[in-house]
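In the two complexes that follow, subunit A is the common piece, with subunit B as its partner first and subunit C second.
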Partner chain A sequence: MNTAAAVSWQKNPALAWREIDDETVIISPNDSVMHELNETGSFLWKNIDGKKSAAELAELLAETYDVSADVALSDTQALLEEMSSRKLVMTIPERRVSS
Partner chain B sequence: MSASAAAGATPVMDRLISRTVEKHRPLSVHFDLTYRCNERCVHCYLDHDDHGELTTAECLKVLDELARAGTLFLTFSGGEIFLRPDLYEILSAARRLHFDISLKSNALLVTPERAARLRGFGVRRVQISVYSDVPAVHDAITKAPGSLERTLAAIPVLLEHGLQVKLACPLMRENLMAYRGVMALAERLGIPYIIDLTITPMMDGSSGPLAHRASVSSLLPVLRDPVLHACKPQPTALAAVTMNALPPAFQSAVSSGIESQAYEDLPCSAGHNSCYISPYGDVFPCVQLPQPAGNLRREKFDDIWHHAPKLERLRAIRESQLPVCSRCEIRNYCERCPGLALMEGGDLLGAYERACALAEEKARLAGVANPLSALHREQDAASIQTPIEAEFASLVSDSSSD
Partner chain C sequence: MNAPLANPGHGSRQQFELSIGSVPLRLQMSDGQLFRAAAERYSAFSDSTARPVTIALNDGGPGKSVLPEFGYEFGGAVLRAFANEIRFDGVENQYALDSMLRVFLTWKLLNHNGFLLHAATIVRNRKAYIFTGRSGAGKSTVASLSPEGSVLTDEISLLRRENGVWRAYGTPFWGEFRAAGSNTSAPVAGIFRLLQAAENRVEALRPAAILRALLPNVLFFSTAAEANRRLLDILSQAALEVSGYNLAFRKNASFWEVLPA
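On to the complex of A and B.
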């Protein structure tokens, strides 16, 4: 199974966040840790909607920025994993991908 | 002076402040929902009558406009916010708009159920004023018998529900030496605190609260107290993750409020990346700078924020260009507030007695020999010059009459 395609991602609903001039600041209310996303990170953050998979997010990234599909997927997965480890995003494992 | 157990700014916060100051984004907004209150603190700068508060719908519209303008840090205050019957509706809307929400409250009306609801609405922190750990002292200031006991009972309730609590202790004549007790209380509870020497005039400019302000000479033991200067910044947790092909995308740090070196030559954040909104929809640069820039019942926030002449004039001020203070040799010890300069000295750009006297005492305590503020230096020069001029004028008059 292709994990990147099968699992969709959503934002942690407990977070405070704001996009300010193409950069996003996120605050975890439990520990008051502030996180900062640059323009491309913000682009992915905006598109994390509980429906899209890492592969779909990477596809959008590659369409918008000058980056190859492979690199976009690698970078997207790395960012999602990092944000997941910080409890900023979470997966929705039940998602079924139509074949 | 304010001494705080809260942290200084982190690199992430500094960058955020720099960006928002440079581009005039209202990063931090203080929104008073009501001036009505269930305490009657002797030093309070507010008129507690309701002169026509924003309706629920108007409050929600304001929140929507703030979110679109780029506000992240939103503090709801009053008066006592729990006296707004629509508080939960407003908090719910703020939650949907992803604000970082803080409250200021006297906590008298906090119950476990209310604390749970606050947490559910994403409230991160509640700041509570505690004037003393001695009930008679605290209650004499709030004029509410039993208020300290009820306020202190609320703190563990808030903490148990996952809310952060911060104590604020404004110092005045009535509780001048109470800060040690409040600090010890905060330390026992494991929560941050802020000791604040600022007592301001009423928002209409009347000076009633100033009768409670401690004199500079009576503050010397406070200024000398090494414990206050021992309030160190909290540790910074900084993490950076670099994406492979794109610029560094993601950094983190402990969030700590908005004090920062990033303000550089600006008097403060007011009007640059922060502002104050009254319960009647007036937009001010700061709660301590009551010059309304516009009203949200008549104008959109964005129009006020970007185009109000009062805000534009404020944004042009640089500390290095202040007519008196820029020449002051002890300005590093000064915590001049533009709002207080206006309210107490009548000039937004001017020096005012209280700040100068405090700066001199702080400089003296830091070992500066014979510290003299620019204001006092000029006053001294004028008082010497005036008799000489008078004598000269007298001589001229005498000689011309010969």
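On to the complex of A and C.
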């Protein structure tokens, strides 16, 4: 899975989710599995918009939670990997410019 | 409440009108044996006072080129909900019909701010106490420990938000208690997640925990993202507006002593 800092991330459009009590509950309709995100996961989830990269998400995380850039990037990439393995998020295919 | 309707006007088909959770339904079928079984099974829920949704049983209907808004297959039975008609096909007996009705209601209730929950509902002091949990959690035990006539259902509860108030309805979907259910409703006092223990103890839950307690026990069969989003909206609202608790209880009626009034 490519979690390179420059790749943009999007939510899986097949999912249903709601935020409640600073937590996010996500339902995967195809397999009826419930996923839960803690406060940090919910923060990232809210900001995953199909445009931001892991680096940009980490920057927001560092600003909000007052952690170093290195720690924020490491945590962000770990969370994205975890969410990706559960098919909650996916990378956006890079556009290729034809010559 | 009216008696079941036998209507000879549509060929040899007969129809039976009922209401579950204030959702009016009309079952049409030509199988006399199935009709009699359904009329008996749902006799406590018969109702012809409202304009019903008609469900045609084993009538074939539109070909595969017409896509239903909601479809479900189970044990050879097929449910198809089209914009203007509902069809259950391959329904061989009353048990298959009961399953199809449950599945259909889970979808239909999305338009009525409601949902079905694996839960027993007991009415006490005119309030509905919802005891939720999967098989073996103690729903039937709670029902068996409650006074006769107070059990709306021991297996599948129906919750709806009406005029800003959450109400619990009885359903004809029973479990071990083998009561036919009661077609009445009451405002919800609280939702209690059953945990069997050596002593009675109740613990209030935050809305997120209530939602987490509800989700594994909600009956829902649609895989459509939009339907699941609507369900999550309804459940989130319930979690925010209804009190929820973990209830550790001994298998006797003393658990009522620790419940909030």
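FYI, the second predicted complex is superposed on the first by the 89 of 99 C-alpha atoms of A that agree within 3 Å, B and C clash if a C-alpha of one lies under 4 Å from a C-alpha of the other, contacts with A are read in each partner's own complex, and residues count from 1 in each chain.
Following the convention adopted for this analysis, a contact is a pair of C-beta atoms (placed from the backbone, for glycine too) under 8 Å apart; a residue touches a chain by one contact, two chains touch by 3 or more.
Please read all numbers here as calculations on a predicted model, not as lab measurements.
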Query: Quick one: subunit B and subunit C on subunit A, clash or fit?
result: clash
Query: So, does A:Val71 touch the first partner subunit B, the second partner subunit C, both, or neither?
result: first
Message: Output check: A:Trp17 vs subunit B and subunit C. Expected answer is one of first, second, both, neither. What do you get?
response: both
- request: Have a look at where A:Val25 lands relative to subunit B and subunit C in the superposition and call it first, second, both or neither.
  value: both
Query: Which partner does A:Leu79 contact after superposing on A: first (subunit B), second (subunit C), both, neither?
result: first
- request: State whether subunit B or subunit C is in contact with more residues of subunit A in the superposed arrangement.
  value: B
- prompt: Touch check for A:His35: first (subunit B), second (subunit C), both, or neither?
  reply: first
Message: Going by the clash criterion at the top, which of the stretches 147-155, 363-371 or 381-389 from subunit B hits subunit C after superposition?
response: 147-155
Message: Need the overlap of the two footprints on subunit A, from subunit B and from subunit C, as residue ranges.
response: 14-18, 20-21, 23, 25, 27, 29-30, 32, 34, 36
- prompt: Which positions of subunit B touch subunit A when the two form their complex?
  reply: 10, 12-13, 15-16, 19-20, 23, 25, 27, 67, 70-72, 98-101, 122-125, 162, 164, 237, 241, 243-256
Message: Can you tell me which positions in subunit A touch subunit C when the two form their complex?
response: 13-18, 20-23, 25, 27, 29-30, 32, 34, 36
- prompt: What residues of subunit C sit close enough to touch subunit A in their complex?
  reply: 206-208, 211-212, 215-216, 220, 222-225, 227-229, 231-233, 236, 239-240
Query: Quick one: in the complex, what on subunit A touches subunit B?
result: 14-21, 23, 25, 27, 29-41, 65, 67-68, 71-72, 74-75, 78-79, 82-83, 86
